[in-house]
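Have a look at this one before I ask anything.
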Amino acid sequence: MEYAELLEELRGFVREREWEQFHDPKNLAMLVASEAGELLAEYRWIPNERADAFSPEPEARQRIAAEIGDVGIALLLLCDRTGVDLAAAWA
Amino acid sequence: MEYAELLEELRGFVREREWEQFHDPKNLAMLVASEAGELLAEYRWIPNERADAFSPEPEARQRIAAEIGDVGIALLLLCDRTGVDLAAAWA
Amino acid sequence: MEYAELLEELRGFVREREWEQFHDPKNLAMLVASEAGELLAEYRWIPNERADAFSPEPEARQRIAAEIGDVGIALLLLCDRTGVDLAAAWA
Amino acid sequence: MEYAELLEELRGFVREREWEQFHDPKNLAMLVASEAGELLAEYRWIPNERADAFSPEPEARQRIAAEIGDVGIALLLLCDRTGVDLAAAWA
């Protein structure tokens, strides 16, 4: 999915649920951090030396991809609300 | 900057410094979460009702964009290492 | 419960499950941070102006106390493993 | 330092600076999580197998103890504001 298309879909999703009221930048920064905490939890008990082999195991893979996606979406929502251009922030 | 271009630049940056040894998925998940903690810190004492007006203030803006960029880069590095396609994870 | 008593109980709990192998300081720091992420999630959508009134609502109270307890236990385990005296660290 | 004594000192510190206005439970949960992110950063590039030997190295020790103390203080402030008894939350 293209970035612009994803963003449009996210905006519709938020608008339908009337979540704009909750999505000020402070709350979205909290969303980013709490989702990052869930991603962290996936690797909490995995030793460094097993982390590369663990990641593609089917069940782990699915959970990790989902948590990465959640952090990414939270970050996108924050960019959209604050007008920060993620591509420019990266540069 | 395009995604593929950014990724290529990041890979070169990491390779030159011989950081691949540190960048297993566990450590990169920790990087995502610690950068998310820094982003969080920017909004820690800002009340919800001021968060939208605060974000574009020039100094705040620069710091927030930098922290968003750091979280985004950490997430990209993790995607690259684990082979998770961020666009697909979002879908 | 007294601190020393709690610590003794925690140590027994960990020993019975043979979790010492997982509880090196790096993993325990990840535990602290992921539990802090869950605590954060409790307040994610609560506006600042409602946060004081929200906290003692029975259901919220129970969840918040549980998350605070989880962060506290993770911090205690880390102190015990690293030999950091929490009371001295506070001083 | 005793718990009650520490709490009294913290309250005085906060009162003198008129920080009660910033210390609602939502903001204090953010403080806990952002301090936990700083603790996490100390171990970010340390492999599991070196984490036990790394922690008591003098410079590391001092930083780790300081970060643990910061998380602990943030947690105490949150307990004090919400009326959660940390010892009971642990039980």
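Every chain is named by a letter (A, B, C and D) in the order it is written, and numbering of its residues begins at 1.
Everything below uses one rule, namely that a residue touches a chain if its C-beta (ideal position, glycine included) is under 8 Å from a C-beta of that chain, and two chains touch if they have at least 3 such contacts.
Every value quoted in this text rests on a predicted model; they were computed, and no experiment measured them.
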{"item": "Chain pair with the higher count of C-beta pairs in contact (C-D, B-C)", "value": "C-D"}
{"item": "Inter-centroid spacing, subunit D versus subunit C (mean Cα positions, whole Å)", "value": "11"}
{"item": "Computed distance of Cα centres, subunit C from subunit A, in Å", "value": "25"}
{"item": "Rounded Å distance between subunit B and subunit C, as computed from the means of their C-alpha atoms", "value": "26"}
{"item": "Sites on subunit C at which at least two other chains make contact", "value": "27, 30, 33-34, 36-37, 40, 43, 47-49"}
{"item": "Overall pattern in which the protein chains touch one another (line/ring/star/complete/other)", "value": "complete"}
{"item": "Residues on subunit A engaged by subunit B in the complex (per definition of touch)", "value": "1-3, 6, 24-27, 29-30, 32-33, 36-37, 39-40, 42-43, 46-49, 51-52, 54-56, 61, 64-66, 68-69, 71-73, 75-76, 78-79, 81-84, 86-91"}
{"item": "Complex interface listing, subunit D residues touching subunit A", "value": "30, 33-34, 37, 40, 47-49"}
{"item": "Contact set on subunit C toward subunit A in their complex", "value": "22, 27, 30-31, 33-38, 40-41, 43-45"}
